[in-house]
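Below are two complexes that have chain A in common, paired first with chain B and then with chain C.
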Partner chain A sequence: MQLNRILIASITLLIISTSSLFSQTTSVPSEAKNKTAPFLFTPETIKTGEQIFNANCKSCHGDPGKANYAKLNPIPKDPASPEYQKNSDGEMFYILSNGRGLMPNFVNTLNEAQRWQVISYIRSFNKSYKQPPIKSTGEVVKTETAKMILAFDKSEKKVFATITDSVAGLRKPLPDITIKLFVKRTFGSLLVAEASTGKEGIAYFNTPADIPGDSLGFLSLIAKTQGNSKELISTLNEKLGVVTKPKNLLDQRAWWNVNKMAPVWLIISYLFGVVGIGITVVYILLQLRKIKKINDSAT
Partner chain B sequence: MEDESKNPKPKSRREFVKNIGLIGLGGIALGSSLYAAKHFEEKKRGQNVKLLTADGKLVEVDLLDVKQLDVDRLTNNQERGRKGIPGKSWVMVVDLSKCRNARKCIDACQSAHHLRPEQYHINTLQMKDTDRTPAYHMPKPCQHCDNPPCVSVCPVDATFKRSDGPVLIDNERCIGCRFCIAACPYSARSFNWFEPKDAEKDKDLVYDVELNVPQKKGTITKCCFSADRLRINQLPYCVSACPNGVYYFGDENEDAITNGTTKETVRLSKLLSDNGAYQLMEELGTKPRVFYLPPKNRLFPFSDNTENEKKS
Partner chain C sequence: MAESQTNIQQDSTVDNLIKDLFRTVRLNKGFNIWMGFLSVSLVICLYAYYIQLRDGLGVAGIRDYVSWGIYISNFVFFVATSLVGMLVSGVVGLSGQKWVTPLTRIAEIIAVAFAAVAGLVIVSDMGRPERLVNVFIHGRVQSPILWDVTVVTTYFLISLLLLYITLIPDLAYGKDHLEGRPKLLQKLYDILSLGWKGRKAEVKILKKSTIVMLILIIPVALSIHTVTSWLFAVTLRPGWDSSIFGPYFVSGAFVSGLSCLVIAMYFFRKNYKLEDYITDFHFDKVAKLLVLVSLVYLYFNLNEFLVPGYKMKKFDAVHLRELLAGEHALLFWSVQGLGLIIPIILLLIKPFRKPLPMLIIGIFVLAGSWLKRYIIVVPVQEHPFLPIQHEPSNFMVYSPTLIEILISIAPIIMVLMIISVLAKLFPIIPVWETVVHKGLIKDETEIENNNHI
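Let's turn to the complex of A and B:
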């Protein structure tokens, strides 16, 4: 009995602790922990950060310092709390980018600069915070002169991207840069392939063959380099998709309230019915007249 | 007396004169009415109409100025609202495993469509499929069926299906018969029993079919798939308001669908097949445009936070 009670109590305790601690279990990789912002936090970055925070984070986290966060389990902490502020900039950036527990990721919603601006806003509530010196993060594409060109190789039937940097007037290929290839869709970009540049600075993409294109099969492709402070973007329009002929939903005669949309069988059977009733009525009237005639001639 | 009765001539002359008079009067009435009808449109300018302004002043405005502007814009809106966006076929996916009843979708929807708090175009329902399975929250908008029973029963062609998917309603045509409410198996429609919330504020607004604003007493109101936002290439109000990534929205023809919270775009066919998506009451043959992903691997326990939300 005693043992049972202890067992139940410990299980309940375990459930409570795991359910509320759920989000804390996600670990941040050590290299991400040490990441620093690519710019110094200024009143301008804090102000833009505040706007981004109010639009994207406030609904759950409330106003920093006021502890008016949404009542969720686990609770979305107040960003101004010491518990929150003890995270390094890199940890905050990682969580903001990848999400944690109930918190969604913001990797597609906010670009890198915007995410850092949010962090600068959150740090403005910490009086003892001092921004760590900006590290050179060893990014591959740093120079303003780097260029990416997206093209289609007709013999290989593949899309490829070339990244070069101009060094002393010469174009030098940049190897080992990861490029993501997207297809433009109505509300966002669909990731279709990822590749890294080789020694020649060229990356070939294996694009899936079953992506719906426009009525001629054209796809609008966008290549982006990832994880760099200078994001290279290149676009290409190429006949790589499946030819899509959008079906008109109004082609089917499916609803009954207007003639032009009513199914043909319905119109025909309705007309048959109406005409049939009409003929029957006329027939009955004729028969009645006949009876009357016979009756008249008999008397 | 006898002479007169025997001789029909004087009587017929009197009759003739009487008839002429009648024909003449009738002719004049007909002619003048035709003339008035013909010149009605041209004669409108200069005719003033008395109007009460919002601040209680009585003003006179030229009838022509008042009517032409509004009618033109109204017909424009009505015509545009009936035309689908070419080549598009909108679908929505609701991921039940992520919904924790934040009700932000409902707030965004009600403020966009100027709805009273008890009117829902989208609502989160508490579901419990069996005694053994845990409860979950299910947002339920209009399913925008490809074979909509509500459209079939409308006697005045007020509600209609559009070529890009949405089922909309034109309140300028709606007679408030509520057949569509009876026909809809998803209870997606509601009736404006009272004066709408913003009746005073929206007085001067020109009715927009795609937004269904201003709402009108005695007509139906329903989810529009945010057709006004789709026209400007933006995600619907509810989809972009969700803080938990519940909603995906996109074009079926592109086979891509975008999450309203994370803005991540994924393949529609893959999302549906990987997660075992289902539709509501598919067996009725309504062909809904809203898909549901089952409430598996949920990150939170079920809690009935509806009351808390209302209090706060």
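Let's turn to the complex of A and C:
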């Protein structure tokens, strides 16, 4: 009896502890909590947000307010629910960026503007919501005339980005802007380096030397500025990667290849079998001929 | 003086024996009616095939998911049953079991008939049979289908050759004992007998050739059913993805082949009045052999279902539940019970090893063998790895159509026709071997062989 009780108690404990493992609320850092959107939510941002939501979130969360979420454990929360709407914009942004429990992160899938657009769509289900005033986060590109150029410094052997702004016809460097450098891969972009621009508006990146490139060693690089309304993007194709010769699986003899490229041992075994049986049958036929000959000569 | 008298006596008994065994080689009314009935049935079935040729495979119940239906089940069954030739003549014959002599020709005729038709059964599953030749032209040596085509064709040719070799002395006897039979048949006997006179040199060659063929037929027969099992086992589907499929199929083949032999034995004994040659003793022996192979098959069944059933891997579990407790459970347990377990138990009891009980048991085992092939082929395909969505219900669950059933009956009729014709053209009991085994003719090569050993 006692053993049973202990067993039940431990199973209950186990269930509680595992379920809490999935549903635990990730603590959101306070500075992230207070983060605000860099733009005002408008019917346009809501509409774009809806499209992004339908493409990336709906499969689990369903339609906001309709409770038709996927049957997962724990259940994906309804973003339109009052419970969820209690989160601040910054908290929502943090969860959306970093993921939580079973929910994946979207930091490399959606850019910042897109993430905020999703939040603007989710907030549209909350009638009592009032967007907090937009806070300036400091080092962001605020002007429409800013430009970023990504290039390769041959003497330093480093990739660098230059951000300038056009002021009265002159190009003025923009310092202290954080840039993320990605390498284009087959499925999405891989973050490889992060750097901030100096006084000259230049940021140097320390890129790893062992990234697989194409057959000539070229990498497709993408630089993106972060934390701003106007996202600057610049790309560069440079011979920075490891030369990777794509391996064609059809170049080798294999089960899955065409007849001509069959494994040698298989061809030999098959022919051995067929020829072996053939020789035996011919031998038997010759024996029969012998019998006939014996009798023909006798008569 | 005394010696010559025994010689005369022996000659007359040999003569009587030969006469008795050639009794069955004649075309009588009963045979004509039987063949007429088979022909009419075949025409009906072929009309069904004509409809399939005209309208396409859609007239059958097979669809995108269950694309192998009773045609393929039928094919596996045909290949399986043809293995009996190898078992009886090869394994039992080579091991020196002389009692098996009167049964070897029946087994070989069954083997030839089933192997010959097996290839046709596959064609019935082809939507464009006129493209059959592409299988040979564009076949890949890596494909089990090419291996299957190769071994089934080879096995048919070897079985035919084996049947012919063992017939040669009988054909020579037949030349003198076929009075009143059609001239064409006598001519056929004359040509095929190769002028056999039973000289020592001839007997030696024939014996050697027979042994070579019997040795050859064992690996070829094993490979035909092993390769047929690989058509399934080389896929990743739960239920087919099994490493014991080769021996599992081969042991199952012995069960279906022997049950077919039992039925044939009963009918030939009864209709051809061969009670003196196929005796209760033979039924008793075959029954024991059937128990042995059934136990081996049961053992493989246990492995095939218990081991994955213990682990219940995600997709295996879906398949096993459907089979053992779901939609196919009734069929599954009926086949295992009525077609395997109960026959084993009954055949262990002596009164059930008599001809009539054995006929009934044989029919159950044979029917069970056919349905077992259905269980192996069809239910697996109803649970693909990816869920079936937005499909009409007849895509999800397979049920054979009338046309499909008729087309599947056609090869069975063909087999019956081949067996009937061969059993009418040639003596169904090996005459020469019986004569030798009864000691009516002295086997001069035997003494030599014994010296060798």
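Methods note: the second predicted complex is superposed on the first by the 230 of 299 C-alpha atoms of A that agree within 3 Å, B and C clash if a C-alpha of one lies under 4 Å from a C-alpha of the other, contacts with A are read in each partner's own complex, and residues count from 1 in each chain.
Note that in this section contacts are C-beta pairs under 8 Å (C-beta built on N, C-alpha and C of every residue); 3 or more make two chains touch, one makes a residue touch a chain.
This is a predicted model, so every value here is computed, not measured.
In the superposition on chain A, A:Thr244 contacts chain B only, with no contact to chain C.
Once the two complexes are overlaid on the shared chain, A:Lys47 sits clear of chain B and of chain C alike. Of the two partner chains placed around the shared chain by superposition, chain B is the only one that A:Ile211 touches, whereas chain C remains out of contact. Applying the stated contact rule after C-alpha superposition, one finds that A:Leu266 touches chain C and leaves chain B untouched.
With both structures placed on the common chain, the touch criterion links A:Lys157 to neither chain B nor chain C. Within the superposed three-chain model, A:Gln287 lies in touch with chain C and out of touch with chain B [touch as defined at top]. Look at A:Asn73: by the touch rule set out above, it reaches chain B but stays clear of chain C.
In the superposed model, A:Asp296 makes contact with chain C only, not with chain B. Once the two complexes are overlaid on the shared chain, A:Val258 sits against chain B and chain C alike. Judged by the number of chain A residues each one touches, B leads among chain B and chain C. The intersection of chain A residues touching chain B with those touching chain C, taken from the two complexes, comprises 255-258.
Of all the residues in chain B, the ones that touch chain A in their complex are 84, 86-89, 100, 102, 104, 146-148, 151-155, 157, 161-165, 233-235, 243-245, 249-251, 253-256, 258, 261-267, 299-301, 303, 305, 308. Chain contact summary for the complex, chain A toward chain C: residues 255-259, 262-263, 266-267, 270, 273-274, 277, 280-281, 283-284, 287-288, 290-292, 294-296, 298-299.
Looking at the complex, you find that chain A touches chain B at residues 19, 22, 59-60, 70-73, 99, 101-102, 104-109, 183, 185-191, 211-212, 214-215, 244, 246-250, 252, 254-258.
Listing the residues of chain C that touch chain A in their complex gives 138-142, 147, 150, 154, 157-158, 161, 165, 168, 194-197, 199, 201-202, 205-206, 208-209, 212-213, 216, 220, 223.
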